[in-house]
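Naming follows writing order (A, B, C, D and E), and every chain is counted from residue 1.
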Amino acid sequence: METAELQEKIFAYMEKMKGKKKLKEKDVIKALAEETTEAPDAVKKALRGMIDVGRLMYSYGGGASSVEIPSEEYLREKGLIK
Amino acid sequence: MALPKRQTDIGPPKYDQFIPPVIKKNYGKWKYHEVLTGGTMVHVAESGDTLHTVRVASPRILSTETIRDICDMAERYCEGYLRFTTRNNVEFLVSDKSKMEPLLKELKEKKYSVGGIGPRISNIVHTQGWVHCHSACTDASGMVKAIMDDVYDYFTTKELPNKVRLAVACCVNMCGAVHCSDIAVVAVHRKVPTINHELVTKVCEIPTTVASCPTSAIRPNPKEKTVTINEEKCMYCGNCFTVCPPIDIHKPDEDGVAIVVGGKIGSLRTSPKFSKLAIPFFYNEPPRWPKVVAAVRNILETYAKNAKKHERVGEWIERIGWESFFKLTGIEFTFQHIDDFTFARDTFRTSAAFKY
Amino acid sequence: MALPKRQTDIGPPKYDQFIPPVIKKNYGKWKYHEVLTGGTMVHVAESGDTLHTVRVASPRILSTETIRDICDMAERYCEGYLRFTTRNNVEFLVSDKSKMEPLLKELKEKKYSVGGIGPRISNIVHTQGWVHCHSACTDASGMVKAIMDDVYDYFTTKELPNKVRLAVACCVNMCGAVHCSDIAVVAVHRKVPTINHELVTKVCEIPTTVASCPTSAIRPNPKEKTVTINEEKCMYCGNCFTVCPPIDIHKPDEDGVAIVVGGKIGSLRTSPKFSKLAIPFFYNEPPRWPKVVAAVRNILETYAKNAKKHERVGEWIERIGWESFFKLTGIEFTFQHIDDFTFARDTFRTSAAFKY
Amino acid sequence: MSGKYKTPLLDELEKGPWPSFVTEIKKAAKKSPMADDELGQLEKSYRTKRGYWKHGGIVGVLGYGGGVIGRYSSLPEEFPGIAHFHTVRINQTSGFFYTAEALKMICDIWDKYGSGLTNMHGSTGDLVLLGTTTENLEAIFAEYSSRGWDLGGSGSAMRTPSCCVGPGRCEWSNIDTLDITYTLTQEFQDELHRPAFPYKFKIKTAGCAVDCVAAIARADLSIIGTWKGNIQIDQAEVKKYADAGMNIQAEIVEMCPTNCMSYNGTLKINDAECSRCMHCIAKMTKALRSGKEKGATLLVGSKAPIVVGSLLSWVIVPFIKVDAPYTELKDMIRKMIGWWDDTAKPRERIGEVIEAEGMRSFLEAIGVPAQPQQVKEPRKDPFFFWEESDFQK
Amino acid sequence: MSGKYKTPLLDELEKGPWPSFVTEIKKAAKKSPMADDELGQLEKSYRTKRGYWKHGGIVGVLGYGGGVIGRYSSLPEEFPGIAHFHTVRINQTSGFFYTAEALKMICDIWDKYGSGLTNMHGSTGDLVLLGTTTENLEAIFAEYSSRGWDLGGSGSAMRTPSCCVGPGRCEWSNIDTLDITYTLTQEFQDELHRPAFPYKFKIKTAGCAVDCVAAIARADLSIIGTWKGNIQIDQAEVKKYADAGMNIQAEIVEMCPTNCMSYNGTLKINDAECSRCMHCIAKMTKALRSGKEKGATLLVGSKAPIVVGSLLSWVIVPFIKVDAPYTELKDMIRKMIGWWDDTAKPRERIGEVIEAEGMRSFLEAIGVPAQPQQVKEPRKDPFFFWEESDFQK
């Protein structure tokens, strides 16, 4: 699968799960590896690509880290949107 | 002005750029050291080279101004080389012995405190407290200052039977190594947290909150989308607050600190030990916590008077028995001293032999 | 023939009817004792009176015939007075010193075994086994006989560094005091029990059965009115079998015994200690369990050779360290030795200092 | 009537110097078909490596809830003599003292109604009669009780208290173990015979910390004699030990756990530091005697490993006076049992309940203050409870 | 701009000989309104006895999941300068060695973007910059990283490894603590910056059992240098210690935990019994040197008391060679983390998981056999598991 396509699927999954459960990076990798039959490492790489450009982001709360869709505020702060 | 280009995953710079030539040359080939004074020592290499160290107290919270001043001195006397210790002191690494005197002189003039080497008290390991942490149940820096002012002689000159490691934890998360210190202060709550239910519903994950409680005191209330706390079971650890801040654990008038003793880290002579409860509670008395300071001094001096040379606090107590520790220090033994956590069983006395 | 009239709640007869005059006179006023031989001793009272004791081995299962024989001897040499010990030996209480020789002679002729006093092995504490208990996973009496035949010299004459208390438990209920013995054998299962579901439905209380399991391996199956066992969690303790016999724990070909060591009861020198696992398994090999017997002897002799005078087995092991115990005895260390029960944590080594 | 069975495996256990239980069973089998069938079934167990006993069925004597353990062969057709093979627990005397006369009486009755086999004694302390039938139980009870012997305990009840020989023949006993045991057994007759507790409750009494009855390891309440005051030293006798070759430095001084002794010709003890462990006294019995103020330490909770792992008893009352009529001791025991009875789940021993509920709850219920003697060391983790009463101080 | 607040309580803490953190904050406050508001809020905390900080809000630099701790005043109107007051964790150098030049550069950038306050160092080991705003984070990162300094860890990630001074200035170091720490930090860059673990994972390395970095108490993986072979004794130096007044018998021989030493003019060690505790070497550094074959003990699991109580690390690998490029060590760490990551519930540290799952499961996963060195003592209760593989033996 093309990286871009995989990333779309990741994003779709993240949107679906938004507000339902805090996802660890590992949860995302597991879910998508299952859904797409891609190797976990490939999913991880695609995910990292998204995080590096601010399409997704790491979050921290309650003592644990998770992956989330960034807020507008965050994107603005990072200069990714105006 | 344009920012320089960021780099990622480069890690820290390699240590070898920061070590003085005498270390580079004698790396891993030190032969012995000698403690010269309470705050100076010399390491001698197999080659015969020497490296003098001057250890200087630090409040750990350092302004850039002070760091620059320290750096200036390092440049004057140490070719710019210095280090920090694992207990947050500053160490001047003096390759040229003749620089020792002027360095010590300048330090003295500037009122830096030289000490912490040998069988003495060194800096108190501590963390953020009210200075920076949302979890803090006392202030760490202030308590440290108050205690160190009081036991100052044991940092600079006076000897003890062995090193005495002090620590302050500003909450039971214990970001220092309080759980294995000779004498330590740990801040504790004593009341069940109050719940702001509306906010809980908004900002907290109920399952995580429920799971956070070590004693299973928290039950979900799915109807109201919040939680309830079983008061009987809550031991005020504040873990729920960490995962769900609207469960407020802070009660300024009932919060305070406990004193624990007898821990150690090294494997010398006896195995590493956890610290055990000595005094269950003192109210927070900022700015100088006089009762806490007095209690620490009492334990310290009782140890100094009674321990054998090289015995750590915990080794001394284990030799004489805890019943004697309480007698000698005059500390009251209470129900709080008796363990009721997971491993309580192993702390109950299972022998007909004990001291009165 | 009419039965005599029963009485209730009368309790046992009072002890004072059964103690010889010399004891009555010197009750609580003994001054000292001397061990004379491996099976005889004399107690001297403050008054100067003496009481000689001859200790005789017993298989604990005694026929009335043997009891009568013992009584006859007590009448001949002890004015009829005798007692049993807490380890089930017989003690002849000889008030008249001149009776010692003829008593010992008769005992010898009749092949009674005199011994068990002083720093020696005494009788093995044990319980029912296949002789009488539904829970038994080995036979106790047979194993005891086989071991005592082998270490017999240490009962009668040979000295050890200190007393060595042996015990045999025929299942993990441990009706003796196996959990605090110098060397003990405890019978263990190694397979998950098989369930006769039909019978379970008939004869067992499901909630009690579920609750009986220490590891929560048992779940109710309300639909079928029976229970299921999570094989991962079951540790073959047999507790479910005790409350619900159709859950059969017995697997003759996989059952056997473990050897535990280093326990003690008294508070002398060191606190009472639990026994710890030395050898996790031997198959049942009736009638004489040769491998178990050899293993006990190996541990015993390694102790005899290496311990200091007055050191009990557990004290010796703690002095040299368990790693040395395994080395000296040549016993293999396995995953079974590592605790995974409630208090596992406290058994993990938390020190960088240990022997290779 | 004996000899019905060939017992080649068991016969192996008649060889060797140690007295043979097989010989004992064979002796009984000469007179009792029950004992003979016991022998036969046991040989089979030795062949197949498993036992053939069932429990179940309620057996006992009228009005009592314990004292008899019902046992049935699971092969009653093969071994009809032991279709029933119950044991009867008879309360032993304090310290296991007997006269030949009393024991012979016990044997006579047993030969009449049972297998002729006994355990002298059971592990709790009872005199155990091994193997009879349901129908004989009332007769057995009438015969023994009319002669002054009562049944022991079983089930969820007080069990037969037991003790070391104590003042009967031991120079170290600090308390009257025999009398305490007798008195408590009498005091708790109702609790012993009528099981009303959550589970078993055992009491054992030792005269000193040597603990020759293993009280600390196998009694819910362990009563252990001790003292206050200085160890009395007879220096002349110390010298005799030295002369006789004892290495007092190595064997006594260096083995003292509190390092409170010293020796250079004369032996010195710093009694304030002594933990009364008994080592020096035991090894130099002629030279040393315990202090003069006598009493006991009460420890609670020991038991076998099922379910929560083995327990040793825990120090609850460091020092208590125990003199006849033992009023304070009895009151204390009733308070302990009362709390346990109110608090325990079924089949929970007192030690398990203390652990589950916390030591404080127990101590407060019995009116004993917190004392450092109760613990090896104070708690480590800073998670401790406060009660309203603590704030009032 | 400083001096906005009266701070009578904090001023008390400028008295006395120990260096004052209040003075430090005041120094920073001269230049930074953030530091001044910090001072003001702190004075208020001293008055009311409570903190005024909130966590929450997601702060960090693009692509990373850690290295910045978001912190906000809960009184932003009263103390606007610290409405944001985040900390930035910068990876320290191995052993905390610096040049004045490097430190000054760090200060310059920090003065530009932050409060001018630091922690030298954080408890995990990072150089902590105390107090900046969200909008400055990217700039701070660009400035430092372009100069060769990276962020440290936070969140559910590998944390900044840390170590004792080791071969840099200590005669007892058995391993190259500085190089190991540098190498591991580089090796785990991804794990450090992108939190993908169940919870935090800390590594600390000490050159010997003295453990000057408290590795055994506060690192999920504690690497502690040790040796094989005999302790090397220089008898001439021993004599000098004696001449200088050291009581070798009392201070060394009798304090040796294994009793493997003896002294009568010459010092003897029975090395087979030595546990390498370091006592004698530490107290007689001129006379004794450790054995020649160097390596490390790997211990796992220590942590602070929340939730299951404090843990000290447990011996897992008694002896492992650790020489550059540390391939075996790296593999072992990856195996450990792999098992943990697969097995843990969220917020469960590796020690907690080992305890919950049993040591065997962990040891088998990382391919380490059971060894007596891993335990203080074998298990006591007879409840042990068997796996099919055990029966095949």
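Going forward, contacts are C-beta pairs under 8 Å (C-beta built on N, C-alpha and C of every residue); 3 or more make two chains touch, one makes a residue touch a chain.
All values derive from a computational prediction rather than experimental measurement.
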Checklist line | Path length in steps (a step moves to a chain that is touched) from chain A to chain E | finding: 1
Check: Going by the stated contact rule, which chains contact chain C and chain D alike?
Finding: B, E
Next item on the list: Please indicate which chain is farthest from chain D, where distance is taken between mean Cα coordinates of the chains.
Entry: A
Item checked: Pair exhibiting more inter-chain C-beta contacts, A-B or C-E -> C-E
Note to self: So, comparing C-alpha centroids, which chain is the farthest one from chain C?
What the structure shows: A
Checklist line | Centroid distance [mean C-alpha coordinates] between chain D and chain B, Å | finding: 49
Margin query: Report the inter-centroid distance (CA atoms only) between chain B and chain E in whole Å.
Written below: 13
Check: If you average the CA atoms of chain A and of chain C, how many Å lie between those two points?
Finding: 63
Notebook entry, point to check: For chain C, which residues are shared contacts with two or more other chains?
Noted result: 172, 174, 179, 214, 237, 267-268, 272, 274, 341, 343, 345-346, 350-353
Checklist line | Touching two or more other chains - residues of chain A | finding: 61, 63-64
Next item on the list: For chain E, write out the residues touching at least two other chains, lowest number first.
Entry: 55-56, 63-64, 138, 209, 211, 216, 257, 275, 277-278, 305, 309-310, 312, 346-347, 376, 380-383
Next item on the list: Could you please write down every pair of chains that are in touch?
Entry: A-B, A-E, B-C, B-D, B-E, C-D, C-E, D-E
Check: In the complex formed with chain D, which residues of chain C make contact?
Finding: 3-15, 17-19, 23, 27-28, 30-33, 43, 51, 53, 57-68, 70-72, 74-75, 80-86, 88, 90, 93, 111-113, 125, 127, 129-136, 139, 141-142, 144-146, 148-149, 152, 155, 172-177, 179-180, 203, 208, 211-212, 214, 237, 239, 245, 250, 252-253, 255, 265-270, 272, 274, 284, 286-288, 308-310, 341-343
Next item on the list: Provide the residue numbers of chain E that touch chain C in the complex, in ascending order.
Entry: 209, 211, 216, 224, 226, 228, 257-259, 272-278, 297, 299, 301, 311-315, 318-319, 355, 358-360, 363-364, 370-386, 390-391
Check: Taking the complex as given, what residues does chain C use to touch chain B?
Finding: 267-268, 271-272, 343, 345-346, 350-353
Item checked: Sites on chain A touched by chain E in the complex -> 24-26, 48, 51-54, 57-61, 63-65, 68, 71, 74, 77-79
Checklist line | Partner chain A, residues of chain E touching it in the complex | finding: 55-56, 58, 60, 62-66, 70, 134-135, 138, 154-157, 194-196, 198-199, 341, 346-347
